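What follows is a set of notes on a single structure, which appears directly below.
Chain IDs A, B and C follow the sequence of writing; residue 1 opens each chain.
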Amino acid sequence: MFSYCADPEALEGFTWLACYLTTGKHMSLYVSLGVVLLLLAITAPAALLFGFFGASAARSKLLPLRLLGKGYIAIVRGVPDIAFFLFFVIALDQGIEYLRHKALCPGWNEPIRQGNDFVVCTAAKMPLSTSPQWVHEVYGFSLAVLTFAIVFGAFAANVLFGAMRAVPRAQIETAEAYGMTRRQSFWRILVPQMWVYALPGLSNLWMVLIKATPLLFLLGVEDIVYWSKELGAAKLARYSDYPHGDWRMWYFLGLLVFYLLFTKLSEIVLERITRRLSHGQATTGGEALRKAAT
Amino acid sequence: MSCLQTIQDYALRAVTTDPDWALRALPKSDFTLCQQVTLIGSGLIWNIYFGVLALLAGFFFANALAVAKGAKSLLIRKPAEWFIFIFRGSPLFVQFFFGYFVFLSLKGVSPFFTPFTAAWLGALIVLFCNTAAYSGEIFYGALRSVPRGDVEAADAYGFSGFTRFRRIIWPTALRLAWPAYTNEAIFLFHATTLVFFSGFPAWQQKGDALYYASYFADKTFNPFVPYPILAGFFILLTLCILGIFGLINARLNRHLPQERRAKVKFKPNLMR
Amino acid sequence: MKKLILTTAALVFAGGMAMAESHMKTVRLGTEGAYPPYNFINDAGEVDGFERELGDELCKRAELKCEWVTNDWDSIIPNLVSGNYDVIIAGMSITAERDEVIDFTQNYTQPDPSAYLAMDGADVDLKGGVIAAQTNTIQAAFVAESGATLVEFATPDETIAAVRGGEADAVLADKSYLAPIADENADLVLLEQEELIGGGVGMGLRESDTELKETFDKAIQSMKDDGSLNKLLTKWEIGATF
């Protein structure tokens, strides 16, 4: 990074630290910070989508759909996320490749399961083994996002399911009295109003999601915890230009500060959203806002 | 070896203190489904141990925290606020790391701290602090949403001070907090799987359910059997928690008319 | 679990044959990146070590285009059989249990003895004391049966920290991993007692990939024949030479 970093052994104090903190490995740590934030930014809306469909299915009139929605919520919520992450991504990956195999290689005679091996035709590989490394990385990242979305979607579904029931019955009845169909009253009355009831649950879910990101490494994405562990571990002079003892404590202290700051920031933003959403709602919060305005 | 024999051999493998038992080697080849179910179930004893004790002890501390956070005095309020913020704002994983680290350093100072570096005590303390912070926040929110009318009625009946808190405010808050607290309990049991996974060392191959599941996944090279078994155990455990907490909820709300009882249950509440 | 690492540099082996590159088969090499001197992540954030040099040389000889991927040790075999990479090159000893599930090339190191590392001057009872080992290693299985009290940690670094912190009397691991640590830390020493547990180290492949296995077998043999493998073994101080 800096020109004087060429000979780390001669460095001392601040310059040593400056060089140490700008090694390629540290850059990876800083990049992974962005990866974690990106994952959160994509996963949150995706999980909300899963949650919305899950909740809608759980209150559907059709029995099979209702069972599907309720089963999804109950099963995924019942399993610890680590246990889920440990086998689900491989299953998901194999499932995608199996489907592609069926579609792309109809003339393939060999079995897919050969003993322990999972073998699909070359064209069905996801991504193709010839594709450059970044494609593999993006694919791995997408699988991680999808897995996170499925797990947290179940929790979001539970929250939204409760929120839909919490919208005062009178609101729906009024809509029906105005001649709206079930579909219309769902989209025009229920959905806009449910958010304020769902917000406390959803903001908590967001907090849980932030703190679940250390599990990203289980899904094949090298996250900040992986790099902190890797960088903090004792380094020998023969393998590194910057030998040091067990520094994991300092890196974890950094992690702690990062998570605390991020939590604080989220709390402030969520507080604002709550105020906004409470406007004009038939709740105590909305009432308080109305009184304050007049 | 029959399945019954396997159960006799391994059902208590995770918690045995008998030295001969502890030395009994885990299966090394020809893994049967029965062995996997038995040993993972044996490890589940630890998850239940951590979950139940942390939850019970944490419940009392959480109430104290909730009251402290609502206190007028800055000296009482600030420590409670910081405690809750730090334990709610950081991943449990990081908390385990620091817990183990601190206990290990203390052990160097005085042999009194030797048991703290073992999971049964050290991890329990971390989980206790963690759940107390989360539940404390839930109870704090509930205390603030106790209807004014209830408090006014208590005043009218001549209740005051601690009696008013104990007889009126606290039971009402508990009732309001219960659905969210149920969620917290489920999360806590799930969180116990992290103890041996990335926190405390396992002694003599005595670990929790996830420890044995990963043992089998490593030995059979097949993650698709042990992890779903683990998942199945946890779904059963979650159902038990929901059942027990549901019974308590019914008892807490027994004075309410049927319709309102149901309503309390579905009110979207602060979850973890 | 898919271990497609976002930051591991995709070091495509060029070897001065850039022109022929498009015709070469791409082979993905999976490693752990946390077990020096076999493999580790260097300051630049790239895979480095004995196996990095060996793998690159083998690919050059076999005229393959190779890419390095890092993967968590616990799931390194499931990800191979699932097809997320084609070869494991991660200091993996050839054992009968692993051989049932995957195939190995011929060994490219001699069997490396396991050694004990303890505090300097400590009196360690290897049969009745507390011995640390990394979870799910051959050393952990060995200690579990030796009569000593086994204490398992998730990473090798933590086992060393445990000896320093007084949690364990000694740690049992591959000698080539422990020797440099004892060398550079005055307070830690290797004990005289050694255990011969593992076999030699080989590359792991899917059982269905017989062709690739033969290719690498040939390449390893040629490196054994011309002495270049011995040179690497000496350079990285890994066990005996061939």
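Please note the rule applied: contacts are C-beta pairs under 8 Å (C-beta built on N, C-alpha and C of every residue); 3 or more make two chains touch, one makes a residue touch a chain.
Since the structure is predicted, the reported quantities are computational estimates derived from the model, not experimental observations.
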Pair exhibiting more inter-chain C-beta contacts, A-B or B-C: A-B
Most remote chain, CA-based centroid, reference being chain B: C
Central chain (distance from its CA mean to the mean of all protein CA atoms): A
Whole-Å gap separating chain A and chain C, where each centre is the average of the chain's CA atoms: 33
Chain A and chain B, separation of their C-alpha mean positions in angstrom: 23
Inter-chain centre distance, chain B versus chain C - centres from mean C-alpha coordinates, in Å: 38
Junction residues of chain A - those touching two or more other chains: 86, 90, 116, 248
In chain C, residues with contacts to at least two other chains: 75, 78, 81, 101-102
Residues of chain B touching at least two other chains: 197, 214, 217, 221-223
Residues of chain C defined as touching chain A within the complex: 1-8, 10, 12, 26, 28, 33-34, 36-37, 40-46, 48-49, 67, 69-72, 75, 78-79, 81-84, 86, 101-102, 155, 157, 160-161, 164, 180-181, 184, 206-208
Chain B - residues contacting chain A, complex: 85-86, 88-94, 97-98, 101, 186-187, 189-191, 193-194, 197, 210, 213-214, 217, 221-224, 227-228, 230-231, 234-235, 237-239, 266-272
Touch list for chain A against partner chain C, complex: 23-25, 27-28, 31-32, 35, 85-86, 89-90, 93-94, 97, 114-120, 125, 129-130, 132-134, 136-137, 139-141, 143-144, 217-222, 227, 229-230, 233-234, 236-243, 246, 248
Residues of chain B touching chain C in the complex: 23, 25-26, 28-29, 104-105, 107-108, 117, 197-198, 201-205, 214-215, 217-219, 221-223
Residues of chain A that touch chain B when the two form their complex: 74-75, 77-84, 86-87, 90-91, 116, 155, 159, 162-163, 165-166, 197-198, 200-201, 204-205, 207-208, 211-214, 225, 248-249, 252, 255-256, 259-260, 263-264
